[in-house]
Structures are given as structure tokens and as C-alpha cells.
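Presented sequentially are two complexes of subunit A, the first with subunit B as partner and the second with subunit C.
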Partner chain A sequence: MEDLIVSVAQRTLIAGTPLLIGTIGEVICERSGILNLGVEGVMSIGAVAAFVVTFYTQNLWLGLMAAVLAGMLISIIHAVASVSLQSNQVVSGLALTMLGLGISSLAGKPYVGKSLTEKMNTVAIPFLSDIPILGKILFVQSPFFYMAIVLALAAWFILEHTELGIKIRSTGENPKATEAQGINVSLIRYGCILVGGGFSGMAGANLSISYSKLWIEGMTAGRGWIVIALTIFALWNPMRAMIGAFLFGGIFVMQYLLQPLGISPSLLAMLPYMATLLVLVMIGIKDSKKLNAPAMLGEPYKRGER
Partner chain B sequence: MIPIIKITNREKITPAHQMMTLLFSIMAGLFAIGLIFLAFGVNPVFAMMKIFTGSFGSMYGIKETVTKAIPLILIGVGLAIAFRAKFWNIGAESQLLMGAIFGTWVGLNWGPHLPAPMIIPLMFLAGFIGGALWGLIPAFLKIRFSINEVISTLMMNYICAEFLTFLIVGPWKGKTKFGFPYTDDLPASAILGVIPGSRIHYVTLIVALLVVFILGVIIYKTRFGYEVRVIGENPEAARYAGIDFFRTTLIIMAISGGVAGLAGVGEVAGIHHYLSYPASISSGYGFTAIIVAWLAKLNPFFVIVAGIFFAGILVGGDAIQISLGLPAATVQIFNGTLLVFLIMGDYFLKHRITFKNNRMPHGEPDPQ
Partner chain C sequence: MRTIFRVLALCLCVLLVAGVASAEDKKIKAGFIYVGPVGDLGWSHAHDLGRKFAESKLPWLESVFIESVPEADSARIIDRFIQEEKCDVVFTASFGYMDDTIKAGMKYPDKHFMHCSGFKQSKNVGTYFADLYQMYYLNGIMAGALTKSDKIGYVGAFPIPEVVRHIDAFALGAKATNPDAKVHVRWIYAWVGPDKAKEAAESLIAAGCDALAFTEDTPAVIEVGQEHSEKGKQIYTFGHYSPMQAYGVDSVVSGQLVDWGVMYVKILQSLYDGTWTKDDLYWLAAEDAAILGGDFDNIINPKFVADLKAAKVKTADFGEISTYDLVIKRYEQMKKGADVFEPFSGPINDNTGALKIKKGAKASKGDLLSIMYYVDNVVGSIPK
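Right after this comes the complex of A and B.
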């Protein structure tokens, strides 16, 4: 029984990690007022970049760096379109997703069916991993898990307690007043989109070099979209993002737990998507105006206009 | 010497200007796609030629292009209406599938007892209802719980695809299909006729053109169409004008989902003749139609041209998949890149950019 609990809890955290990484990125991006619907595509790019680079260099860390870099690079498209050209952010984000899925499948074609010799191994933290039960769950994990937790804390601290965080948040709330303070709104938004893209790329790397050690087309399986829902669930707060991401990790794991009961795998596969809708309904039942969404989320900002 | 760039709002936008911007955007987009191909070791000139000859270069290609234009036009025109009201329906893919499911149920169960002139309209009706119901859910969720429709429609795409898979491997699995996950074939009366020597199921084509005409008239000539446009352009003003946001949103999504459902019936009754895996019933028509609607500037009549254009890309995409061994999702590169360039083109349409430079006389550079 104890083994089962440990194993389920471990796998919950493993499944939740890429969701958490992606959500932190989207929270940062949306806090600056930019809705980025490109996460699914950027994640896919990150997954393929990490796989290919690791495949040739045999170095998982280089693979991770490549994924972050690739995620940032492809996100420039969204930055140019939504910030510089004040385009519709919904359409531009969708375009980014399509482009990301297309490019990743073209780039990954030669690597379908190949596998890495090793994936990112779990690291046991000395002493802490000796704590009964909890030690095995929390402190015998992939480096991605530790990084995700640290990044979530860092993002929370930066957004809530530093001057940079105030700049980012005020850019999302009132870009005009922010500009009047002498802060470059465009620069902040470009920065946040690129950082968000880096996080999405890292989430993709999580899937291809740690969660598994291969590349298959469509391996992101809608996680990028779940990330966007989780951002709302998290009320744009990286700390709450942790709760949401691991809750969803649990739902992913539940699919496999319930399968032996004879429920159709197709019906079980609906669970994460149903849960996303359910969570949004639950948030929607509360007064949506108190959600604390960045006031200017999705609105293009044009300098010198009212 | 740094030229000073001056950006001003363009006051007047002429149709000619719009046309030029559109053409430049598409050209620039195709050029960018060529560069992407080049980056991955695919000869761009060869690939582009192959796409063109594959789609418009032969009688077979033209017939296939028309066949694939049918669902794109149907869905595209529904999306054009939804997008006009700024309702971002990304769920047409599953509204199509729901239409296919409803239509197939009617065809399989009532088809053996009814003649074609009765069963086929019933199937289309069922398909419309299926798509409309599936489209109404996100509309309701948005109105009642203010849930972002991009997310809800997307989640429903996944849910519906799994539901269809559940049906064909489970309760609806055909007795005559030797264990394959397909439903039985539709009875003869429920199968749509095709133009001989092609796969063009002309009944759906006629339905599509009728839908374009009807929705075009509704958008430009009725009070409802006016309300849709006001809601999209200025929701604040819509409220003051006493426009019922809830009612309008529900009607829009019933139409948008419903016509996607019609496309689903067309695909099953006209092409496949039985239900199978989601990816074979629709090769991403619901997503490609988003760009069709955008390329058509959300004008129902232009959707016909844009639909044929993108159908050509799909058919040509199939051709290069086979001859160059490229993955199916390559066509997404076309979709994504062209969409990026189209929205960028809009900027240059709305703004005038002038360079002030000693060497360069005042003038207007080309929009790209």
C-alpha cells in the first residue's frame, strides 16, 4: 500500500512538472498584458530541439538549453506581431501554435522511432530523501521537478516583491500610466514574451528528455492548452500554479490507475480536458471580476493613443 | 545615416490597396515558407512547384481541390460569422465530428427504411443539430461562467475526438468490418452521389454555396448581421444600443457549429461512407478553416475563393508528402506562416510608413 501511494504521488509530480513550467511562463507573459496562445506549438519546438541536440551531443543539459533558446526564438514572432504591430493576440498566438507544430514535425521527422541512450535521471537529495514516504515522493525526482519548484518560487518573488515585478504588473494593468513613468512598455512585453517562450521550450524539453526519451509527433497532446487554462486557475500567481499543475498531474496519472477497472481508455483520456472545463466553471461561479486578471490582458498598446 | 521612420494612421483604405496588401502578404508568406523548407533541407522551388502542380496542375488535382474546398468553405463561412462577433471558435474540428456522429446515426438507423430524398435531408439536419449543440456549449460557458472560448472549444475538440474513438471501438463498431474500428457502411440511400470520375459530392457543394449566400445576406442585409458586427467592433456600444449579447452569441455559435456539422455529414456520407478515426474523418479542416476565414477578411463570399486556395494547399501538401516524404503536419507550416503574414499585412494596411532620409525622397515603400 505504501509503495502504491509513493508511486502514485511520484508520478503525479512527474506528470505535473511540464505543466508547472509552462504555466509559470504563461503567468509572466500574461502579467505583462500579453495573451500567448502559442504555448502548445512552442512546447513542441522545445521538445524536438531538446531531443535533437541531446541525440547528437549526448548532453542532456545542452539539449535543455537548446529547447529554451528555440522557445525564445520562435516566440519573437508573437512579440513582433502582438507588441510592435499591435495585431490581434488570439490570432497571432494560434498562428504560432500552428507554425510550432508544423516546424517541429518537419524537424523531427528523421528522428521518429529513435531513442536517446539515457534520459534525465532522478536525483536523490541527500538526507531529505531519507524522510519516510515524503522523502521518496518529494526528494527523489528528476532535476526538472526541482528546477520547476525553484523557478515558480523565483517567479513569484520577482513578480510580487521586486521593482521589475512592479514594472511587469503595471504594464499589464495600465500601460499608458507605466509609459508615463518612463518605463518602456514594449521592452517589458518583449522580455516577458521571450521569457515565457523559454519556459514553454523548457516544458517541451521535459517531455522529450526526461518524461520520455524520444520524439513523437503530437507528444505535447494538448498540454500547452491546459497550461493556458491553468494560468487562469492559478489566478496569475506562480505559487497557485504549483497547486494547479500537480492537481492536473494527478488527473493524468488517474487515467492509468482506472484503466484496470475496465473503463474504456478513450473515455479516460477525456479526463484532463473535462477537468480543465470543470475547473474553469468552478472559477467562473465565483465573481469573475474578482479574478484579478491583468486589466489590459490581450489589448494591444499603442504609444501616444488614449 | 539612420532614416527616420514615421508611422501614421492611414485615413482611407481603398479596395485596391486591400488587394495589394493581401497579395504581398501571401507572396511574402510563401517566400518565408520557402526559407523554412530550405532550412530543413527541402528544395523550396521544387516543393512549391509540386504543391502547385499537385493541386491545380492536373484534372485530378483540381477535382481533389474542389472536394477538399467543400468542408473548408462550409466551416470557413461559419467561423467568419463567429469571428466577426469576436467569438474565437477554435472548436470547428469537433463540431464537424459531432455533425458526422449525428448524421451517421440517422443514416445507419433510418437509412434502410427511407428513400434517399428523405434520408439525406434528415442526415444534414441531424448533422447541423449535432454541430450546433456542440457549439452552443462553449457559448453557454462563456455567457454563464465567463469561460474563455478559445480554451473551452479546444478542450471540447479533444473530448469529442476521444468520444468518437470510444464509439467506433465500442458500441458502434461495425459487424461487417472484421474487427476494425469502423462503423458499418451507410446504406445506399444515405450515400451522396459524386460527379463521375471525381470525389466531388455535389450535394454538399450546393449546400455549401447556399450557406455562403444565406449567411452573406444575413451579415450584410439584416438587423441581426448588423448586431453581430456591432458586438464585434464595439461591445460597449452594443450594450447601449440594446443588443442582446447572450441571444446573439448563442445564435452565432449555433450557426457556426451547425454549418461545421453539415461539413461532417458531407465527409461521411460523401467520401468515407462510414465513421472511422477522427483524424481520417477530418484532416484538420476545422483549423485550416480559421485561416480561410481570416484570409477572406471574414467576408462570407470571399470564403469561397479562400477555401479553394487552401484546399489547393492541402491537396498540394498531400502531393509533397508523398513525393518528398514529409510529415502530414507540414501543412501547418503553411497555415501558421500565412496567418502570421496576413495579420502583419493588416498593420501595413492600417498604417502609412514613411522614411524621412536625405537620400530617400518622401514616398511610400512597398507594404512588405
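Right after this comes the complex of A and C.
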């Protein structure tokens, strides 16, 4: 029984990690007022970049860096479209998803079925991993898990407790007033989109060099969409994103665990989206300001316009 | 002026010769529709290897393919193959394409269609299938002999007769060497879903299973088995459809392999010769379509040969022999013909206790193609 609990909890954290990494990025991006629906595409780009670079250099950390860089680079498209050209963010985000998925399968074609010699293995933290049960669950994990936790805490601290965080948040709430304070709204938004892209790329790397070491087309498998749902579920807060990501990860693991009891996996697969709908309904009923939704989310900002 | 006429006449001659030549030079263009990416290392990959094999053997063949076509979307692709690519024959290689293929047959009466794994034929629509249930039976024999926990896992794609037949055959094989072993099933509702297959495999291992077979078109389950085996917990896995032993050298015992190439050559040759019929082609080990092994060089991974040779089993026809010999002997029987040894020989009960195949009787092809019950050593019920 103890083995079962440890295994399920470990799997839950593993399944939730890429979701958490992606969600931190999307939270940062949306807090600055930019909706990025391109997460799925950017994640696939990150996955293929990490795999290919690791495949040739045998260095997992170089692969991770390549994924972050690739994610940032491809996100420039969304930044130019939504900030500089003030176009519809939904459209350019969706375009980014399609483009990313296409580039990823095209670039990955020669590597299909190929395997890395090594993947990012679990690291046991000394002393802490000796704690019974909890130690095995929390402190024998892939480096991606530890990084995700640290990054989530850092993102929360920066957004809520630093001047930069106030700038980002006010950009998302009221860009006109922010501009009047002498802050460059475009610069902030560009930065947030690129950082968000970097996180998505990292989430992709998590899948291709840590979760699995095989290149298989379409390995993001809709996680980018779950990230967007999670961002709303977490009410644009990196701390709540942590709970949400591992909850959604747990649901994924539970699909197969609860199957022998006659609970349909399709029903469980639906739950993350149901939960998000529920949160959206709550936002609709309650005062949306209290729920943290950036007021100007998805609205293009034209400088100097009244 | 005369030179111009000469040149014109020459040109006409050339065109005439070219025209005659092309009329004699009969070509066939075949279109292939796959449900997954050709790099999935499973079903679609195997079909594409078959297509390439046929192209290398048949100089008059030209072929095109489209991968990752959703099962509800094949009508559009068939139209494109016939109208734009001018294909003479279209192969639709997934069960869900069945009705659209039949409809296309009515729409284009002068073209041919071949639907893989279906049961509907018409004037110009034939069916073909290479079935692997015999190989699953042989893998089951090995799984039953090797398991220490008496819990064997199976990751299934979709609860349809084809997969249920494979689970049952696998379970019957396991029963032949280990009557106490039970087969536990998890469904992932995807043909290509490495993350789902991985989680399903982990949940089976967490439930105590130490031998895993699967129907999913990536080596994800093998990867899980290899990881656990490297960490010291031996998990036995059985490859599916493509050579997968390289992904799990410490875990893959054997597996099922398929050779669609021989089948595609036969079908296309019959179209070329004009001897094509719509009759169902149902190929097994005897036709060399179904092959046993984790890759094409090893029937059984050498790492596990000693264990299988040490495990003795009592059989009605061979007396007491080693599991290894039993696998080889049964495989030889299957290669001789499907009627020499039939895994689905009565008495067979389903897992609710109902008698499905009477003592002394064998399952007919129709029984096998529509099988929708678990045999008595499979746990649980098939989801509706």
C-alpha cells in the first residue's frame, strides 16, 4: 500500500511539472495583458529543440537552454503581432500554435523513433530524501520539478512584491495610466511574451528530455491547452498554479488508476476543463476584480490613443 | 518552308511513338491513407514499410501516402487521391475508414479500394488484414512462465474486437503455462498516445504486474519496462508491431511483428494482372504476415532464453517440455497453417463463467472477428 501511495504521488508530481512550468509563463504573459494561445505550439518547438540539441551534444542542459531560446524566439511572432501591430491576439496566438506544431513535426521527422542515450534522471536531495514516504515523493524527482517549484515561487514573489511586478500588473490592468507614469508598456509586454515563451519552451523540454527520451511526434498532446485552462483556474497566480498543476496532473494519473473501478477515463480526462469552466462561471457571478483577472487582458494598446 | 515541315513531321513521329509507348507501359498508382504518423513505430510505420517494399518490388507501381488522417476524415482524402492524384487503387489502413471506403467504392465504380481490418466488401472494395492473435498467444505463454507476481498487465488502445481478441489470445497463452496468472487491462482510448500508455503501464506496475503487453503504436510501455528493469525491478515487456527490442534490451522478451509488404505485393500484382477479387485476405503466421519476435533477428531475447528453458510446462500433445520449446513448437504449428493449432480451442469460458466455445470446438473466423468478451483469466469487464 505504501508503495502504491508513493508511486501515485510521484507520478502526479511528474505529470504536473510540465503543466506548472507552462502555466507560470502564461500567468506572467497574461498579467501584462497579453493572451497567448500559442502555448501548445511553443511547447512543441521547445520539445523538438531540446531533443535535437541533446541528441547531437549529449548535453541535457544545453538542450534545455536551446528549448528556452527557441521558445523565446518563436514567441517574437506573437509579440510583434499583438504589441507592435495591435492585431487580434486570439488569431495570432492560434496561428502560433499551428505554426509551432507544424515546425516541430517537420524538424522532428528525421528523429522519429530515435532515442537519447540518457535522459534527465531523478536526483535525490541528500538528507531530505530520507524522510519516510514524503521524502521519496518530494525529494526524489527530476531537476525539472525542483526548477518548476523555485520558478513558481520566484514568479509569485516578483509579480506580487517587487516594483517590476507592479509595472507588469498595472500594464495588464490599465496600460494608459501605466504609460502616463513613464513606463514603456510595449517593452513590458514584449518582455512578458518572451519570458512566457521561454517557459513554454522549457515545458516542452521537460517532455522530450525528461519525461521520455524518445522522440515521438505530437508529444505535447494538448498540454498547451490545459496550461491555458490552468492559468484561469489558478486565477493568474503562480502559487495557485502550483496547486492547480498538480491537481490536474493527479487527474491524469487517476485516469488509469481508477479504471478498474469502472470509472471511465474519458470522464476523468474531461475534469480539468470542467473545473476551468466552473471557475469561469464563478468569475462571471462574482466581482471579476476580486478574482484577479487582468482588466485589459487581450485588448491591444495603442500608444497615445484616447 | 520544307525544313519546317520536316521538323513538324519529325515532332509528330516522336509524339506518336511516345503515345504508343505510354499505352503499353501500364502503370498503377496507389494511394495509402494512414491513421497515425509514419514514424509512430507501430501500425502506420509497418504499413509504410509495406508500401516501400511493394514499390521496390514492383517497377510499374507509383505510390503516394497521407499520414495522421483522423478516422472521420478519410472521405476527403480519398476524393483527393482519386481526383487530383489520379490513383487507381486506394488503401485505407484503419478500421474506422470502413464506411467511407464503401461509399467511395460506390462513388468511383471504376477504381479499386482496399480496406484494412474491416468486414464490409462490395464490387470494387476488398478487405485485407494481417492478424497477430497467434503471436499474442505465444507471448502469453512466455509472460505466464516469467511472471513472479502472477499479475500480467495489458495496455489496450480501444475496446474493439481486434484488441479484445489479442488480449484474450495473450491471456490464453498465459493460462497454458500459468493457470494462476490473471491479466489486468487498462484502456487508453488512443492508437498513438505515448504519455497515456506510459501512465497506464505505471499504474499496472503499481498494481503489482510484472509482465506487460500492449496495443499502442509507440515503444512507451517498453520505455517504462526498461526504466524499472534498470532500477532493479524486472518488468517483462512484449514489443508491438515494429522491432522494439532496441528500446528495452533488459525488458523486451519477445513481441509481435508484421510484414505488410508481402501482402501489398500480392494485392497490387493481382490488380496489375486483372485477377483481383474483393474476397477478404486474412493472413496469419502461415502466410508469413505475422512474425514472432522483439526484432526481426530474435524470436526471443537471448537474455531470457535460459529462464524460459528452465520453466517446464505440461502439455497434452507434447508432454512435459520447457516453455522455450513450447513457444517454438507452437510457432512452427502456426506456420504450417491456422488449422494445425488454434489458440481459441474449447472449452473456453468468459470471465462471468458463461461457456463461449464448446469442448472440442474451435473459434471460427467470424467468432474471432466479432469477439467481445474477456476469457476467464482476464480481470474486469470491457467498458461500454
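Everything below uses one rule, namely that the second predicted complex is superposed on the first by the 273 of 306 C-alpha atoms of A that agree within 3 Å, B and C clash if a C-alpha of one lies under 4 Å from a C-alpha of the other, contacts with A are read in each partner's own complex, and residues count from 1 in each chain.
Quick note on the criterion: a residue touches a chain if its C-beta (ideal position, glycine included) is under 8 Å from a C-beta of that chain, and two chains touch if they have at least 3 such contacts.
What you see is a predicted model; the values in this text were computed from it and never measured.
Asker: Contacts for A:Ser266 in the overlay, against subunit B (first) and subunit C (second): which applies, first, second, both or neither?
Answerer: both
Asker: Is A:Glu173 touching anything from subunit B or subunit C once the two structures are fitted on A? First, second, both or neither.
Answerer: In the superposed model, A:Glu173 contacts neither subunit B nor subunit C.
Asker: Applying the document's definition of touch, where does A:Trp225 land relative to subunit B and subunit C: first, second, both, or neither?
Answerer: After superposition on chain A, A:Trp225 lies in contact with subunit B alone.
Asker: Touch test for A:Val8: subunit B only (first), subunit C only (second), both, or neither?
Answerer: In the superposition, A:Val8 touches subunit C alone.
Asker: Give one of first, second, both or neither to describe whether A:Glu299 is in contact with subunit B, with subunit C, with both, or with none.
Answerer: In the superposition, A:Glu299 contacts neither subunit B nor subunit C.
Asker: Given the touch rule stated above, what does A:Leu99 touch, subunit B (first), subunit C (second), both, or neither?
Answerer: first
Asker: Just to be sure I read the superposition right, which of the two partners does A:Lys109 touch: subunit B = first, subunit C = second, or both, or neither?
Answerer: A:Lys109 sits against subunit B and subunit C alike.
Asker: Indicate the residue numbers of subunit A shared between its subunit B interface and its subunit C interface, in ascending order.
Answerer: 105, 109, 217, 264, 266
Asker: Enumerate the contact residues on subunit A facing subunit B in the complex.
Answerer: Interface residues on subunit A, with respect to subunit B: 37, 41, 77, 80-81, 85-88, 90-92, 94-109, 217, 222, 225, 228-229, 232, 264, 266-267, 269-270, 273-274, 276-277, 280-281, 283-285, 288.
Asker: Quick one: which bits of subunit B touch subunit A in the complex? Just the residue numbers, please.
Answerer: My answer: residues 36, 40, 42, 88, 90, 141, 144-148, 150-152, 154-156, 158-159, 162-163, 165-166, 169-170, 287, 290, 294, 325-337, 339-340, 343-344, 346-347.
Asker: Where on subunit A does subunit C make contact in their complex?
Answerer: My answer: residues 3-4, 7-8, 11, 15, 105, 109, 112-113, 115, 207, 211-214, 216-219, 221, 252-253, 255-257, 259-260, 262, 264-266.
Asker: With touch defined as at the start, can you tell me which subunit C residues reach subunit A in the complex?
Answerer: Touching subunit A from subunit C are residues 37-41, 45, 184, 186-189, 192-196, 198-200, 202-207, 218-220, 223, 246-247, 379-381, 383.
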